[in-house]
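Worksheet: the structure to be examined is printed underneath.
All chains are identified by letter, namely A, B, C and D, in their written order; residue positions are counted from 1 within each chain.
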Amino acid sequence: MAWISKNWAMTGIMKGLIVTLKHIFHIGNRPLVTVQYPYEKMKLAPRFRGRHSVDQDACIGCGICEVSCPNGTIRIVKYNGRWFPEFNLGMCLFCGLCVDACPMNAIKMNGGYELANYSRESLVYGPERILFKKEVNK
Amino acid sequence: METDELLLNMGPVHPATHGVLRFKLRMDGEIIRDCEIVMGYLHRGTEKLGEMKTYLQFIPYTDRLDYLSAMPNNYAYVKAVEELADIEVPLRAEYIRVLTLELNRIINHLVFMGSLILDLGANTAIMWGFREREKALQLYEMLCGARMTFSYMRIGGVREDLPEGFIPKLNDFIKDMEKRIVDYEQLINGNEIFLLRMKNIGVINADEAINYGMTGPSLRGSGVNYDIRKLEPYSIYPDIDFKACVRKECDSYARYLVRMDEMKESLHILRQVADTMPAGDIITTQKYGIAPMTGAPSAVMTYFPRIFTPPVGEVYTRTEAPKGELGFYVVSDGTTKPYRVKIRSPSFCNLVALPKMIVGLKIPDLIAAFGTIDIVLGDVDR
Amino acid sequence: MIANAYELVVYILSAIGIYDPINGFFQNYGMEYLLRIIIIVVEIVVLLVFVLLTVMFLSWLERKMFAWVQSRYGPMITGPHGLFQPIADGIKLVGKEDIIPAGADRWIFTLAPFIIFVPALLVFIPLPFGDSLIISDLRIGLLYIIAISALSPVSILLAGWASNNKYSLMGAMRAVAQDISYTIPLALAAIAVVLYVGSLSTVDIVRAQEGTWFDIIPRWFIFVQPLAFILFLIASIAEMGRIPFDFQESEQELVAGFYTEYSGMKFAMYFLGEYAHMFAVSGVIVTVFLGGWTGPVLPFIPVQITSLVYFIIKTYAVIFFAMWLRDTVPRMRIDQLLNLGWKIMIPLALLNLLVTSFLLTAGVV
Amino acid sequence: MNAAEELKQAMPAAVVSTGMLIDKPLAIIKKEEILKAAGKVKEMGFDNLSVITGIDYRDRFEVIYNFFSYKKKENLVLKVVLDHEAPSVDSVASIWKVADWLERETYDLVGIKFTGHPNLVRILLPDGWNGHPLRKDYDMETEQFVTMGEDGEDIVSTDGSNLLRRR
């Protein structure tokens, strides 16, 4: 009988049942927190390390990013007569070392995180897809 | 009647093995007679990679060891290199580091709690754990731009300063978290079925636990009053008021309670750090020409020399990661790349004791005891 | 007095004046039994459709409640609040490849999922959905229900054995051990009520619970036999095979228990069987302990409709409790479950039976 | 006097030299005496074997044992130098249970044999792997393919012929 009262008093389970009931009816600041992802997206932090983009005017094609990349993601390729980095995002660690290393602060990582694709080749982001032109404040 | 032992292969693909671990169980009906652990399915040769990369380039790889608590991994490696090269770290950087480390301890223990309760068959706690974890991950996203693989620590400091509005958001998180912990405790702690499953399961006493190389919360659950943050204080831990959470029961339930207490203790540390955050540099300016890049248009303010060569030597540092003692043995030969990086991962060494704990118990007990050891396969296999 | 659904249909047909012409038409050819068969088949089809719809709704409700407890939305895309999600799931499961493992016993492997649906449906025959809304009021209704629901482990054992998988076999063995240990307290707890009523017929049991004490407390057997109710409830949840007693599946230990190797439509059959069984068992709990269809009689509305509504509300309350419990508690261990069954519940049920029979013999109640 | 010097006083024959590893006392032990020295270290109260590291220095191997004492709150590092041809050293798995796996790992990755170890097989890499990856002369160019055999054992090949390929 002592064993029963010790183990089957059910007080603990009652407490748990009450907490879950509160969640079912959202009592006391227990709201639904998920979002309906493809239809509704969460706001990204400004520092989010997503897909790279390279400032077209600032980049000098020096190749320091290529050296500093731990995984061999970056290759310097010729595009429109100048040298620009090309990112193979299939190998990218998104560590941000290239951003730190860039002497001209030309590389940015922000925004894009929906990078899934059907082939490995399409994960190679050449200059035509990553270059952007900085808007100059007048 | 003639009976035969049942050889049961649990894993490498199994819902309760937290990844790709394989148990070879010799069973008598449902009772485990012998347990052999087979691992290595996630071996990526991180130590060999360490010899191939420069000191700075290895930081992102440390994220991938214990991917649930990447920041302590970052920190343990960076601390080893700093000790090797004798680099002084500015005070603000140390405060930010401790802040991120303790936040990561909370994240790790939330996932631990969720996955343990999920392994026991209750499906609610894991989502609650992930709900709070999401808030902490958003803090990390604000701070360093990544949610799991931070690579935020730099040799001599941290990558970026705290963004605007970080401390108020952190305070909100702390306040919210305190309420949620009460919810968890109401759901789990007194639950009779949970107690039936956890009490006196996976018992290992203090001497055995030490001999089997257990560390961290798993060891503190066996009644050893030890915490590397207390014994060999590093960073700013000597200035901070906290206690090592110890339980004497030596069973799975004690190991669970230690981690729940540690979450509260980490919240306590976070509050102190947030209140007393000093101003100053976030990365050292003293040696090796490391200097903040002044007037940079980008938000990224740090700049690390491309050629960093610590002096010849070797060092072993231990830190208190959420899962236990995380040590890095770094050998330098005076070049830009480490000669040898040895990782003493807590999950690997804690797992040694598992067969000892569970022989003579049943499969559900194996899962309960395994859950309370709290391993991550990336950390075991490296 | 209308006894069952067949007579109710006949009564309605006669009331609108078309029974006699139809009956006469069949009598001309000497085939009056054909009409009887047609009516019964229609009844069964209605019951099947009802059960299938219920199962779909239950699986939606389960997911929704699960989601709410976990601060999630749950299914939201298909239909309003994801109400048609079960249909989408069904289509997906039917479209999946039907895999039979190489080492499996093909015939038994294919047969087992269909066998599980049979007891779950047969239980509905003597289950009174409302006043006179019953397929057949068997005089041994309660015994029939207990006996039929004890059949489901046969299917589980077949599935576990035929899969030729260690996990499946262990799940099946657990299911059988669990069912044997829990049918006994289930029956013993029900016998206490049967002693009280003096009949095994489900209709008689419900009729015995009509009326109120002091015009406020309904004369449900939960108040007469609280201990028997608790035992019956725990044993029923164990029989349903739901957390905290879902050892036949126990996902984290045995991968998926006896249906580890099943896929596609066969998996869906187990799914359907589980929810149909859940509804049936909840209905039995309501019938035996919660007053069945009884409730306040409303004016102008036929008692058949109000009683059906009362029955469904009560059944959903029991189902809600089972789902709510599932959201809260972890799973027990198999030996702890058997200990609970043999060492605590059976002695308690016997004690309850002893006290009840003593009181009845002494004429106290 | 630190722990390393204590050990040298107790066993002058075993200890080659003492020193410091940044802030931890270091004692270099003769390879033959490691089991005795380990027993002595355990007696001195160093109950926790933190890590065993094997390092390939091209001309020699070093095995480094990091100890910690929960009672005295002290560190101690033991180092054994092995020759490069056939590196082998006595196992300490009989004293510290954790050494079982740590030595297996060192054997697996660095290729140091621990004599007297109860079950010295590969732990992280599959059985039959060619070479020990953390050696400096490890062949990084050859690719090795691993598949699972009929009874769950690992099959390693260098040409990928055992991989399941569909045409």
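Keep this in mind: contacts are C-beta pairs under 8 Å (C-beta built on N, C-alpha and C of every residue); 3 or more make two chains touch, one makes a residue touch a chain.
Worth saying up front: this structure is predicted, and the values here are computed from it rather than measured.
Each chain gets a centre from the mean of its Cα atoms; the one farthest from the centre of chain D is C.
Spacing of chain C relative to chain D, judged by their CA centroids, is 62 angstrom. The distance from the centre of chain A to the centre of chain D, each centre being the mean of the chain's C-alpha atoms, comes to 39 Å. As a whole-number value, the distance joining the C-alpha centres of chain B and chain D reads 24 Å.
For this pair, chain B with chain C, the centres built from the Cα atoms lie 47 Å apart.
Looking at chain B, residues 124, 131, 187, 191, 193-194, 196 sit in touch with two or more other chains. Each of residues 8, 13, 16, 19-20, 23, 33 in chain A touches at least two other chains. Those residues of chain D in touch with two or more other chains do not exist in this structure. Under the stated contact rule, the graph of chain-to-chain touches falls outside the line, ring, star and complete shapes. Looking at which chains touch one another, you get A-B, A-C, B-C, B-D. Taken in their complex, chain B has these residues touching chain A: 53, 56-61, 63, 124, 131, 134, 138, 141-146, 149, 151, 159-160, 163, 179, 183, 186-196, 296-300, 302-304, 306.
For chain B in complex with chain C, the residues that touch the partner chain are 6, 8, 14-16, 30, 117-124, 127-128, 131, 187, 191, 193-194, 196-197, 362-365, 367. Interface of chain A with chain C (complex): residues 4, 8, 13, 16-17, 19-21, 23-26, 30-34, 36. Of all residues in chain B, only 9, 39-40, 43, 45, 47-48, 51, 83-84, 207-208, 210-213, 215, 224, 226, 231, 313-316, 318, 325, 327, 329, 331, 339-340, 342, 344, 348-349, 351-353, 356, 381-382 touch chain D in the complex they form. On the side of chain C, the complex with chain B involves touching residues 66, 69-72, 166, 170, 243-244, 246, 250-255, 326-336.
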